[in-house]
Amino acid sequence: MDRTAIMKKPLIYGGLAAALLAVPLLTNGYTQYVVNLVTVYVVLGVGLNILLGYAGQFAFANAAFMGIGAYITAILSSQLGLPFWVCIPAAGVVTALIGTACAVPAMRMASIYLALVTFAFAELMVWVFINWKGVTNGSNGIGVSAPDLFGYVFRGDQRLYYLLLPCCLTMLWLASRILKSYIGRSFVIIRESEIVARCNGIDVSRTKMIAFGLSAFFGGVGGALFAYTVGLVLPQSFGLFQLVIHIAIVVLGGMASLAGAIIGALLLTTLPEFLRDFQSLQEVMFGTALVIVAIFMPRGIAGALTRFGILPREMLVRGIVRERRPVATPGRDQDLEPIGVGVTHD
Amino acid sequence: MKSAMRNSILAAALLAGVSSAALAEPGVTDDKIRIGTFGPLTGPVSIYGYPIINGAVAVYNEINAKGGIHGRKIEMVYEDDACDAAKTRAAVKKLVHSSDVFAIHGGTCSSAVNAARDEIIASEVPYMVMAMVLDSITSPVAKNMFTTTQTGTLDGVTMVNFVKSIPDVKKVVIVKNTDDWADSHLSTIYPGLKEAGIEVAADIVLERNASDATTQALHSLEANADAVILVTYPNETAVFLREAKKYGLKGPFVGASSQMDMLAVADRAGGIDAISELYVSSYLLEPVDGEKMKEFSELYAKHFPNDKLQTLSFYGMSGAYAFVDALERAGPDLTREGFINALESTSDGFAGPAYCKISFSPENHQGCTEGHIWAVRDGKVVAIGETWPQ
Amino acid sequence: MLKVEGISVGYGAIEVLRDLSFTVPKGKVVALLGGNGAGKTTTMNAIAGLIPLRGGEIYMNGERITRQASHKVFAAGISLVAQSRELFPEMTVRQNLELGVLAQTGVSDVVARVEEIYEMFPRLRERAFNRAASLSGGEQQMLATGRALMARPKLLLLDEPTTGLAPIIVSELQKIIRAVNERGYTVLLVEQNTKMALEVADHVYVLRRGGIALSKPRSEIVDTQEIFDAYLS
Amino acid sequence: MGFMTLLTAGLAHGGLYALVALGLVLIYKTQGIVNWAHGELLMVGAFSGYTAFVLVGLPYPLAFLIAVLAGALLGAVMERVAFRGIVHEHHATLALVAIGFSVIIKGLARIPFGADVYTLPPAVDAGPLRFAGAIVTAQSVLTITISVGIALMLLAIFRYTRTGRQMQATQQNLNGARIVGVNTGRIFSITWALAAAVGAVAGLLAGPTSLLYPDMGSEFLLKGFAAAVLGGFYSVTGAIVGGLLVGVIEMLIGGYISTAFQQVSPFLIIIIVLFVRPHGLFGRRPVERV
């Protein structure tokens, strides 16, 4: 890196920070709320991307993780009156533990079954949220009071933003540190080939459990932030539609890319707001957008931007990112007995 | 919490002072009043979107056609919330902060509206419920939030009172959904039954979108009860009644007001004889084809000639009449404060197709509290009063 | 018969074949040699229409087959015996053979053709009703070759038939290739086993880093050292 | 509680789940794609049948045919337009495209049919029959018969027709099929059309029991998943057996445990089955390739 680049970097970061801090000056209550949701979905998007994009585990449980985090926050803050700086980490840690536990049976499953079982788990959790009335208050949900810090109440979207933004940035920083570390590299190697990973002395089961746990941690924290943003935790918020949003963020934003998670969160949060004007055609337009982007940019928007040199390749995935396989038999390569490993016939 | 409330009240007072002096009220011009509405215009529950909203819009359109209120015409702004809590908040915020509406008349899904309650209160926008039925919207009373729809708890009371009036009922079966809407009904049904000494012989879950109710019907049959209480939506009611007929389960069946469109239930259950023993609670004057409903049916059909007439078409009208009445009384110098005061002074107001007179006071923002029972007689749905018919 | 003109193939940023040209004359056995990663299998897959070309043209008997779907290439008379054999694991040997002509319409002598293959590979007759997945490597290679021959192709593409096979079977394979050739089939053989290829080929190409490094008729090759030099140069 | 009644009711619903599972399995076997939009194919079948039979007034067999063709066409179009080009992409991308289609199809269906719930009359209108202590409707008998019939027909097609054998070859080894000259693109289209047609039949049969609304497919999709997981996701027979089992299990849970659990029974089935056998009840253990 040359000198000018070194001098430029703090300037860029400083400018970016100032711009982010100034956002509430430009927004009204509605647009600020949308911005707040973006910060929440960045965390959630990063969470699923760790599992799906980096570790290559096709799991659908993140909406459930988000729900668990949101309920923990609601219960701790409203019923026990705990402050946010206890609730948010607690939501993350407890969810991470649940996520790790989920990994144990999940690890033995082939990709498609993993997707189905985690999907079933997510739907089952919604049912639990509805029916475990003593804890979750059923379909009526639990209200979440505005967080406060030494008497300063983050009431209203503009104020809440100054809680969400640092949380979001911290989580992004944390994710980039983890993904660049040994463990992050292990995720990618496992995704590419478990055999290669084993040959390199990577404990595959342990690494997968860490991936699940980390992903759940981000999901839990995201759920906590979501709870503060929306103010009422309802079971229906964590159903199939939430799941679709998460996957769309990762796939459309770009798998195995932190920039992708940010782009995806921005897109998936604002797109439905832009589509409001289309009234009854909203759904059709939304679905069409999903299909078209996924077909024409299967590497997501971040992938496309990288290809055109607009985004730099992320250090971590350079050289290992899977290129289009020329001839493919999807889902099949793992599922058939190998044929053609020759031995003599007498 | 308290200090914040005081702050906001202070700010409100300040703002009110400023606005009356110099600033025009948001959403009000010399010839227009902008009213926002929101509901599930898309998504799985969109069946409760436009069909309900259009009833209210028909009332507003009719007023506009007659020259408006104090020379101002009502302009509607629509937002979709898909009955999703996060989206409901976004919809309300957009109406308040971006669309600058004067008042909001909207909200169909109970818990989703609840998620936006603090937002509505903070915005101080006069708000009227379109169709949601939870008590929490008006209790505790918030200065700017009103409803004319009958809550689930009151609906439950109507049902229980009717069950009590049926001769020789000792045991009942409850078939229920598990959502907040059902819970609000059950919160008065259980104590009501207990007080009357009626035993709940079986308490059966029938989830939303169930395409089959075989086990529910068989459980009910086994319980051998004197009546079946149905706290379910129309589709599931139809599915249940179909199975009931198949397995020979006898009524009377007492349904919630969700099943008011009895002919639609009959249609889905496979014929009018499937509902011959169904009694449903209702907060409308009469069934859709009733004599007293003619005025309102024609009104709806005039403004939305392509829509199907159903009971949903009338849900939103009472709130619209309450709004229009209060706008008239608030006078030509329209302010939110004046409008809210006018609303609060509503007494025995016209409720259109609803079975009540609307009364609000500073202590009570629940405008309607009466319901009655409908049943089928000679192939037609008729109102039969509040008790078991002799 | 087969004319490959300046084809290029790549995956992502990696270019596997660069401006590769060669020909296969009718009735001959042509061997394409090269080390690991030289692009041999890619060449075969490209000819068979299994992977897209980035540039260049391929002609079969003067007919342009570039960018044609694999079934069209097959219809033009080219059959591939893939390195990974690509058998149908759940089907029996006989069913695998029958599938060799399934895509051709109007074939009425399936039984006779199967019989012909059994004569060529008696071992397959013995295992006719075993699942393909249960065959040994050598048997699988026979089956793959037999299945390709069922269609009576004008050109047979043999991709590294000796991979993973014991020496004794390799020499058997040599005989088979010769026998096939004698029956009038043109063969393009891709091999790493130089010795074996030199035994059967009429013409030899050496492929290196996606291009032709050496092209010589077998008769002009006096010393295998020449081949290895081309590998490494 | 009437065990026989529960059993027959379970089998009748199971027949529908089996048809849904069948479509899922066909597509998955051939292209490795899980079709998350399969429920919508069922919905399209039901609404096409409704339009032709009730709105236009065509005779039932003709309406049936139209619905099946409409479903098949939609399936084939989805495959050709979207999935063929991205079949080698990540499972998540494929899932998202399928979900996108599901959203589009539901959104489009809502434009004409969104404001109400519709009913499709049964194919055979007869009162309930008493049979061996159970109460059975003619429609249930028809559903079971048709689903088993379709499964047998598919098995026959695979075994005895050229196209069927090409499909089988494609399922077992895509590259192998291409090498022996199978036009795999054509096979993909046919597979989707066939799967979608079977889904549309399920929609027509479900119509009289279920109600018709744009979201009707999602519940059947979940049950179809459970059935496919039980059946191992690879076998036509497995899908049928799995479907019937899911139907019966669901009834038994509702009948003997609690109706509150009935709704989540497909999820419980998926979780428990995969917990015990991570590759499905009749599934084989995959072997990893280097």
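Going in written order, the chains are labelled A, B, C and D, and every chain counts its residues from 1.
The rule we apply is simple: a contact is a pair of C-beta atoms (placed from the backbone, for glycine too) under 8 Å apart; a residue touches a chain by one contact, two chains touch by 3 or more.
The chain list, named the UniProt way, goes like this: A = Amino acid/amide ABC transporter membrane protein 2, HAAT family; C = Amino acid/amide ABC transporter ATP-binding protein 2, HAAT family; D = Amino acid/amide ABC transporter membrane protein 1, HAAT family.
Note that this is a predicted model, so its numbers are computed, not measured.
When the partners of chain A are compared with those of chain B, the chains appearing in both lists are D. Of all chains, the one whose mean C-alpha position sits at the greatest distance from that of chain A is C.
Measuring from the averaged C-alpha position of chain B to that of chain C gives a distance of 75 Å. Rounded to whole angstrom units, the spacing between the C-alpha centres of chain A and chain D is 31.
Centre-to-centre separation of chain A and chain C, using mean CA positions: 47 Å. If you average the Cα atoms of chain C and of chain D, the two centres end up 42 Å apart. Each of residues 107, 110, 114, 172-173, 175, 218, 260, 263 in chain D touches at least two other chains. In chain B, the residues that touch at least two other chains are 42, 46, 178. Among the residues of chain A, those in touch with two or more other chains are 131, 280, 282-283, 324-325, 327, 336-337. Here chain B touches chain A in the complex through residues 1, 4, 41-43, 46, 78-80, 83-87, 89-90, 93-94, 96-98, 111-112, 114-115, 118-119, 122-123, 134, 136, 178-181, 183, going by the rule given at the top.
The touching residues of chain D, counted against chain B in their complex, run 1-2, 5-6, 9, 13, 107, 110, 114-117, 119, 128, 135, 137, 206, 209-211, 213-216, 218-219, 251, 254-255, 258-260, 262-263. On the chain D side of its complex with chain C, the touching residues are 162, 165-166, 168-169, 172-173, 175-176, 178-185.
If you check the complex, the residues on chain C that touch chain D are 48-50, 69-71, 74-75, 79-80, 82, 84, 86-91, 99-100, 102-104, 147-148, 151.
Partner chain D is touched in their complex by these residues of chain B: 42, 44, 46-47, 50-51, 178, 204-207, 209-212, 214-216, 218-219, 222, 234-235, 238-239, 246-247, 264, 267-268, 270, 307-308, 310.
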